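Here come two complexes built around chain A, the first alongside chain B, the second alongside chain C.
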Partner chain A sequence: MTAAPVEATALRKSFRDKDLGEITAIDGLSLSVRQGELTALVGPDGAGKTTLMRMFAGLLKPDQGSLHVLGIDVARDPQQVQDRISYMPQRFGLYEDLSVQENLDLYADLHGVPQDQRRDRFARMLEMTDMARFTARPAGKLSGGMKQKLGLACTLVRSPDLLLLDEPSVGVDPLSRRDLWKIVLQLVDDEGLSVIVSTSYMDEAERCAQVHVMHRGRLLATGTPAELREKARGLTFVATPIAGMPARDLQARLIDVPDLVIDAVPQGGNVRFIRRPEADAARLAGLLDGASSASRPEELEDSFMILLREQDQGASPVATDMPPSGAADNGQPVIVVRDLVRKFGDFTAVASTSFQVGRGEIFGLLGPNGAGKTTTFRMLCGLLPATSGQLEVAGRNLRVARAQARARIGYVAQKFALYGNLSVRQNLEFFGGAYGLGGRLLRDRIAQTVRQFDLDPAAQSGLLPAGYKQRLAMATGLLHRPEILFLDEPTSGIDPLARRAFWRRITSLAKGGVTIIVTTHFMEEAEYCDRIAIQDAGEMLAIGTPQQVRELAGDAGARDMNSAFIAIVETARARREAA
Partner chain B sequence: MSGARTRLIALTRKEVRQMLRDRSNLIVGLALPVVLILLFGYGLSFDVTDARIAVVMEDSSAATMNAVAGLAGSDYLSPIWTHSMPEAEALIRAGQADAILRVPAEFTRDLLHGQGHLQLILNGVDSNTAQSIESYATGAIQTALAHISDRQGGPAASASVAIVQRTWFNEAGNSTWFLVPGLIVLVMTLIGAFLTSLLIAREWERGTLESLFVTPARPIEMVLAKLAPYLVIGVIDLTMCLIAAKFVFGVPIRGSLWIIILSSLLYLLVSLALGLVISGVTRNQFAASQMALLASFMPALMLSGFVFDLRNVPVAMQVISNLLPATHFMGLIKTLFMAGDYWPQILRANLTLAAYAVVLVVIATRTLAKKLD
Partner chain C sequence: MQALLLYIAQTFALIRKEMLALLKDPSSRALLFAPALMQTLLFGYGATYDLTHAPFAVLDQSRSAASVEITARIEGTGVFSRVATLDNASQIAQQIDSGKALLVVVFPADFESRLAAGTESPMQVILDGRNSATSGAAAGQVAAIVAAYNQSLGAGPPVTITRRAWFNPNFESRWNLMPAMIASLSMLQTLMIAALSVAREREQGTFDQLLVTPLTPSQILIGKALPAIFVGLAQSTIIFLIILFWFRIPMAGSVWLLYGGLLTFTVAAVGIGLSISAVSLSMQQAMLYTFMLVMPLMLLSGLLTPVRNMPHVLQVVTYLNPLRFGIDIVRRVYLEGAGFADVAPNFLPLVAVAAVTLPLAAWLFRNRLG
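Up next is the complex of A and B:
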């Protein structure tokens, strides 16, 4: 066979930023990718995955080092490489005003796919993406998951010599994610495609032949998933808390002692944890305090966490005393939703939904893209009026006393909704003022907040790393000591370590009596919740503790939350279609 | 190469579809020119009609009445008869008159001696209007005096008829004739720069360029595909302008029609390419549309000689004006409409425009170089 798909030696790439100065995105990285294999680039956000992909695609020129793609020097002749590869950027540029078919035709024409091949290819793509019914629909009117699938189909209108996929599953629900992977794996099998995929999901990396772990522009490790798993051998355990103790309390206790425990996450009522190789057995037993622990098979995720922790010694989450809720516990539910309906014209976004959330509870709203999560969420925050039904938040009827209810809630939007060109302190001052805080009270609150969240008050907000931005957003939402905190996909786009720290803060807040309503795409994060609700097509499909929801899903639920979620949504969809 | 042709057709088809599905862009492209034609054709005129002139009759002999009777018969003037100077001054201060014509008590006597004096006082706040009134009023009175002297004969008459005015090309001094050809320049500028300024920026914003870059499509193909549909819109607008000029406003077209059309298309290409350059440099739709207005439409309106005669502006402004493609096309199109084919100017202006077109298309292609940094 011909040259290796990718051969990179001592690559270096930096960007100039007028505020931050020189930023090194790729720092002396060498790797090679093998023919006909699925290769994964994994790493936390900001590791340099996208920069590397763009260099492979000839869109960025390396500052130093050599890079050959398909045997061609990309820096010298990017067009020759682009004629032979297919690349799907993180945000695939579909023409939203063109229909599905027109988008496919455009890319087929640009790639010069002959008419006779085209018919078969399109039919196959449409079948694999399950979009044959929607060919006339404008791409802009597709759901997020569908858009991503169409993006993949447009990328694959011909069989390339090398396929580059940059985080194809970011912001995509588990069902669409599974479909995307099915398509990719099928093509690798059928056509012997060489594929490079960047991802932050370890279960995706697990399916690849080769995995390159990246961090801060450098390669931390390379190998097959099995080789990489070796690193965690003998260190992985699962602990079962004593009766009556929530798993996340045990998780909090474990993760707070970084010199014994590398990582801990709740799962299915238990806590999975990784011990330090040098951890003292007696101290560890003391920390577990009666909880039984058993060893479990190591996973890629474990090795990844170990690798990251080695790099980021200081970033381990530290228990912080989060501000307590302002209201006393009177045993009443804080949120009561009865027969809530929201319609947009003929379209029912949320159909007859009822649930209650108690004080200090962490309540998770899960669902595929377009399930009605965001609509439900906005109604709860009083941002969107309900079409019908009853909605009580913090003891106030939202239909009549929206402003009063709003004073008792904090809201953290999905996108960074603070003023990027103001400093951390200025943002806190502004939002504190907007919530009616002022003078000494505001100064004290800001001082406390800055300490609790470990923020630099003088830093410019827009230049903070993603994890810190998220922290600032949360700090801002908590300034007025709300009884309820709403978080819309708070952890998308932040790395696993920052996510651990985030959840540590959330559990600590809930302990202080603050009620948390959170939406997320990361199904494993549902395990931190007291109760979760799964929505699809506006309907509430399941509600209960993570354990109950998994049991509802039967066999699939026994594996993990992700499988449980997929099983529940698919069963409901099948039922709807039958009806 | 058939690959290039397929790609060019595919890209052009894409641009046409996007254009047709974007209502707001189509409205700007097709309805705005109509609005501009009507607005500038009917609404904007430097002609003064029914200017109010206060006439102070200190002498009311028959000769005097004859002399000022011409004022009443003019379309451009509407006299207000008064009896004293203070009364007339009050009118001008109140804004109810634009000028005062004073007929002194001794006018009839002096006229007989060939020394008739009339006092014309103009409100100089609006100097354009003042000048127009001056010429209308003197014109009207001199015509009247000429009639008187024809009838009477004698020395007094010959002394009275002193000025003979004559205007070439725009015999009526009709500003519509002068404005409508310039309007073609404005419409071509607006369509070009404003519409195309959104095209590349939109692709940057929506992230579609990154996907497009990694296809075999070449930058020049993307640029040509973006120019093509708007060139068609421009031709439609040009046709509307020419029809309106000829049949609605009755502007004479003395040069060759085909030279007017070819030069207009060349200028259209320049402004389309300018829009693309702005779009590619800003990479942001909002900034691009602001910049398109500031960098093309406004200068075309103010500095191209559309309204102000460039010979009267300071040298620095003349230099800037001459850097604008619009200035070259403005001069050319006015000559073509009003005076006819003047080949040295046709060649010079079109070569200048062609040079601009080539340079701008090359720059636009550069902004689409397949690089993200």
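Up next is the complex of A and C:
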């Protein structure tokens, strides 16, 4: 009988931050991991997953509690543990100037893998990752998904007794994500390897034998996916809106009443929701207001949302009195793009793209990393010149239009792009001033904005939690009441509850006539959009309502947007290869 | 009118933000003025400009009343101390070589007889050219003493000084470090602040957010340039005050003209800094470019070596160097009391550099190459 891969009791770890004081990352956590199984650590950002992983790997010492990995006390003998495990951190240290093969060789050298074992091991890794064709290519020239696969291959140049994967699928497109999981599952099934993987994707956790749900450094629940799903049994429904009503309007109605509904998300033209166990049936029926509802099988995601909501009882409901757009609807499209092309040298980032967006529409640009969606987005905002083609935003090309034309758009960047060492108020004052607001008008707007977004004006912007930073960025983008709001990957890195609140604000803005252009790599978020465009390798593969795009994908698309996306991109890639 | 007010209000919002960002960060706040203070003091003492102790030797071959009188006057200053009295010319080399004496005063045998005969009477001052700053000052002082002596003789042919600097035949007597620092030290910081200002925003992603606002490139330029110019002038002022009141180097010219020159010079430096900043993608890159540029700017400025001794090609290159003209304005106004007409030609290259770099930076904000 070998020792359990991980045996942790009452672990505690805190960090000292010079601005925030003591932060407890792991707060009295106990868990055990079984041999030869795939174990998932799930939880929103900041739950403590990475800290825990680093402790397993012997890179951090717990403040309190005991931790045994493969039967060894990690705190006492980290080197002995590290000799037997493989750990892939979130950002794996690939050498971008070295080729795929050179990276593999380097890691084999570092781990002292004997020459005679290398040939077989390399061959197997290259075959599993489907990278045998690219051995001579520099790692820096690989796509995000391929880099991640190479990282995994480098991690596995030797046979470990335990494999630790820290959020391997963050920032990876759905296709690469699927490939990555194929490899991991193969390792568990064929080699009986024990694997611990941290993730914020519930569909990934669903494939694991054992799931540990973490939140704020504590364990909320542990069990097999089936056991965890029990928590949501009988509470999960799907509602179909009455004809003519957008699914997101029904979703907004439902999620606005937290004492009846725990969670609601639009999907496939319907709304999936979770009712509170104690919810009054008559009130619920009134809320649905004619929309038919049917029960649906519970999923891990449902239990996860229930667990999170239990922790977050006191959260204030989202203010939905978003400012209306100043512009009148004249029936003209707000954005017109015709044959837009952008080349970087001989690389075509965006190939002949055309679309239109009407007033008050939510338009989503979807695609894997490097698909061209950010390039398209930056051209629309006037941050990047187009190589050729036509581009009109609110009737003008922002790149060459007079500066005042830019006052009609708002912009929220992917990364927090406000001044971190200024306070919330100072940021709002500066951007208000830059948009020509001043005096009483600016003061009133700031007071109103701070209330709507529930912000503390005196707080230092750079120290806000991710969800609040995102709120501030949006508040700043809306301060001057733009007609069009551009949002680049607004929901990456924020937890599911904050994402729900974000979309609630967006849908209410769109109701007020503001046009929204949003990029996202969360496929399920496409369901909030009126229309979406899917890009891959610079080409526009599909454009239409979420319903139309799913239909385009055929049977695969019937299930959810993620599958539809994979089907569409794969078909297009196969077609390209054939040509 | 309305448009102008809006323009000013928007630009002011940016200036205010820039100043806040500069002052809020404790590390950048300390960097603003501490280095200028420290470097000025360091240079002031370290560069041994101060003539507090000048050992000298005398070779008096005339042994006359006049030579004794001049020697006594030199010793009487309290700065010069006689370390040796030599008997013949062959001993001079040993005194200078060993560094025992900074200078050797030589009175030829016919020193007094020539004075008495009513002809010019040369005396020789041999200087240690290795220590050019101090010996330059010492020579200046000896010259002043001799001039005073000549005056006391009344009309008639004077004593003249033949000066020979050893080890450094091109010894430049007007060479003067301290006032030049008013321009050169503050330029280091100004360049750095300007170079980092846009690069920091690009690195942190805030520049895109700035570019999508209705601010025009000219407004961004003014908003970025003014705080840097302000900091540059504040630093120059600190250095100026230290030199004036701590090192007590008397100011000969007009403060207004000095600041007019400094302002023009700082604007040119900020133009260069912002251009660097606009092409840089990261702070690291901006810093690297700045360091690469600072060395040649310093070397080709006439701060350490006179421009007219450089190869002709390099002399032409120095016309692009604002520091050359900045230093020249400051030195001449400060030390010589030069008026505007004297230093006016220096303003032209400065204005030219600013007129090219500032619009270039504004254009680069939106059209970075690559």
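In the analysis below, the second predicted complex is superposed on the first by the 569 of 579 C-alpha atoms of A that agree within 3 Å, B and C clash if a C-alpha of one lies under 4 Å from a C-alpha of the other, contacts with A are read in each partner's own complex, and residues count from 1 in each chain.
Everything below uses one rule, namely that contacts are C-beta pairs under 8 Å (C-beta built on N, C-alpha and C of every residue); 3 or more make two chains touch, one makes a residue touch a chain.
Note that the structure is a prediction, hence the values are computed from the model and not measured.
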{"item": "Combined model on chain A: chain C and chain B, fit or clash", "value": "clash"}
{"item": "Partner chain in contact with A:429 - chain B first, chain C second, else both or neither", "value": "second"}
{"item": "Partner chain(s) touched by A:83 [first = chain B, second = chain C, both, neither]", "value": "first"}
{"item": "Contacts of A:331 with chain B and chain C, given as first, second, both or neither", "value": "neither"}
{"item": "Touched partner set for A:94, first chain B, second chain C, both or neither", "value": "first"}
{"item": "Partner chain(s) touched by A:403 [first = chain B, second = chain C, both, neither]", "value": "second"}
{"item": "Contacts of A:106 with chain B and chain C, given as first, second, both or neither", "value": "first"}
{"item": "Touching partner for A:61 - first (chain B), second (chain C), both, neither", "value": "first"}
{"item": "Which of chain B and chain C A:411 touches, first, second, both or neither", "value": "second"}
{"item": "Contacts of A:290 with chain B and chain C, given as first, second, both or neither", "value": "neither"}
{"item": "Clashing chain B stretch [against chain C; choices 6-14, 24-32, 42-50 or 330-338]", "value": "42-50"}
{"item": "Parts of chain A lying in touch with chain B, wherever the complex brings them together", "value": "15, 54, 57-61, 78-79, 82-83, 85-89, 91-98, 102, 105-107, 109-112, 151, 154-155"}
{"item": "Chain A residues within the chain C interface of the complex", "value": "378, 381-383, 385, 403-407, 409, 411, 413-422, 426, 429-436, 438, 476, 486"}
{"item": "Residues of chain C defined as touching chain A within the complex", "value": "6, 9-10, 12-14, 16-17, 20-21, 24-25, 204-206, 208-216, 367"}
{"item": "Contact footprint of chain A on chain B as seen in their complex", "value": "3, 6-7, 9-11, 13-14, 17-18, 21-22, 203, 206-218, 370-373"}
